[in-house]
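The structures come next, written out as structure tokens.
Each of the next two complexes has chain A plus one other chain: chain B in the first, chain C in the second.
Up next, the complex of A and B:
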């Protein structure tokens, strides 16, 4: 029997949903809103640079980006199927969405690992 | 006669569904809206990565990025993004007790405890990230 890829895809989808749910609100609030508006002061820039250059941070960020992308791929795939009734394009859509997530992961990993 | 060929073979009856079927009922629209939060997830993650790269370039680049982000239109858009992501977070965490059944020994942990645990994890992650970014 051919082994299904569905569990792997589902773990990536679920992991992405969880990681983004737990971390994105605070990242958006602090980095996109509070810091630009000057509501709060960031940690010293040297500390922040040390933080993002730390191998563990970079590794964590790469995993985070990968999970977010596969979370998107899975949800968007089913939105296209159900929302726009494109289930007859099943394979094309799956290849496009997961393919884009894979490309995004590779590009993201390359960029993030290049920091530091 | 070809055995695969049958006379009077019935045609499938399929009711035509309009393309915007999900706008006709609130719960369907909410379902599609939840699916589309994933686009915002990727956007936010991409901006975070861009900020990390900027930070690596040095203080002037970082300051320039912060000043670009402080433009009223950008702030307005990002407040919207924050609300969309909060919608994702809350609907996601609220589903956790249904998706995850935790067992301690042979006793099932009550769903409310699983729910509280997830909200606690959200709080803890938020505090740690804010502390890492802001502590001086």
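Up next, the complex of A and C:
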């Protein structure tokens, strides 16, 4: 009997859920609230750039962006599929949502690699 | 405050009726029944059947939350009618309908054939490669091995979870909460050897992957089975199984 290939998507979805729940709030809090408001002392900008320039940081960030996007794609796919009852468009929706996640990942990777 | 203290003399039940030989479309009949604080919805239905309209059809048996046959919608919520106080639904009228997702045969009685078939699709029973002879004694199990599956074995097949599941209502092919929880009940049983066979059915799209983790099944389950949790656990094992078979194609089917 043919088994579904869903596990691949589900791992990306689950990983994305975990990653975004754990890291996204921290990143937003630190980078966009705490630092601009001066709640914490900023590391010298050079240090931050050094951190972002490190290949492992870049790779981590790219994986993080990818997981978040696939998490979104999977949710959005089922929102359209069940929520709007578009199950007859299953293939189109899957290609569009996961496709957008892939494109987003590539764009993200390009931007992240361009930093610094 | 004073309102909640007044005990009504009677309460109105609006009961879903469908008698194929009488009406072509379902309708609602209103019945006024005496209110007693100790009455369950089922007591009110039995009062209707005994004293007001003997033609009302519905399923029930044990009156104590173990037979799983009296599940209905009360004001739109899937409940066991033998375990839901009339009082909890005051002031009324209280609307009683058959469980959603099952074609109505008559009044509050739905056709549950689909669920029965799914139970056999997932092989919800103990599977052994080889039965050992009776002389060799029982299959022993430690208390902690029992704990592994006990929660799932509490399922009484009431089908409230199916009625609550939006995926099942949209896609009746979905194997659904209780059948998956019951498959897990046997998979996690140390005496069972059927996990591989069940995986073939459960790892398809209409198996566990149909579930989008809405979680309503777990909300309505009167027995604390947590079918949503069972499905998530199964997704983890199916995923590990999948990647294992990718890495070692020959060792797995």
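Simple rule for what comes next: the second predicted complex is superposed on the first by the 111 of 116 C-alpha atoms of A that agree within 3 Å, B and C clash if a C-alpha of one lies under 4 Å from a C-alpha of the other, contacts with A are read in each partner's own complex, and residues count from 1 in each chain.
Keep in mind that, in the parts below, contacts are C-beta pairs under 8 Å (C-beta built on N, C-alpha and C of every residue); 3 or more make two chains touch, one makes a residue touch a chain.
What you are looking at is a predicted structure, and each value in this text was computed from that prediction instead of being measured.
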{"item": "Touched partner set for A:115, first chain B, second chain C, both or neither", "value": "first"}
{"item": "First (chain B), second (chain C), both or neither touched by A:47", "value": "first"}
{"item": "First, second, both or neither for A:85, with chain B first and chain C second", "value": "both"}
{"item": "Which partner reaches more residues of chain A (counting touched residues only), chain B or chain C", "value": "B"}
{"item": "A:11 touches, of chain B and chain C: first, second, both or neither?", "value": "second"}
{"item": "First, second, both or neither for A:21, with chain B first and chain C second", "value": "first"}
{"item": "Contacts of A:69 with chain B and chain C, given as first, second, both or neither", "value": "first"}
{"item": "Which of chain B and chain C A:55 touches, first, second, both or neither", "value": "neither"}
{"item": "Common interface positions of chain A, toward chain B and toward chain C", "value": "78, 82, 85"}
{"item": "Contact footprint of chain C on chain A as seen in their complex", "value": "1-8, 10-11, 78, 82, 85, 87"}
{"item": "Residue ranges of chain C touching chain A (in the complex, touch as defined)", "value": "166-167, 170-171, 199-201, 203-205, 207, 209, 212, 235, 238-239, 242-243"}
{"item": "In the complex with chain B, residue positions of chain A that touch it", "value": "14, 16-18, 20-33, 35-38, 40-45, 47-49, 51-53, 61, 64-65, 68-69, 71-72, 74-76, 78-79, 82-85, 104, 108, 111-112, 115-116"}
{"item": "Touching residues (chain side chain B, partner chain A) in the complex", "value": "17, 19, 22, 32, 35-39, 41-42, 44-45, 47-49, 51-53, 55-56, 58-59, 62, 66-67, 69-70, 74-75, 78-79, 81-82, 85-86, 88-89, 92-93, 99, 121-122, 125-126, 129-130, 132-136"}
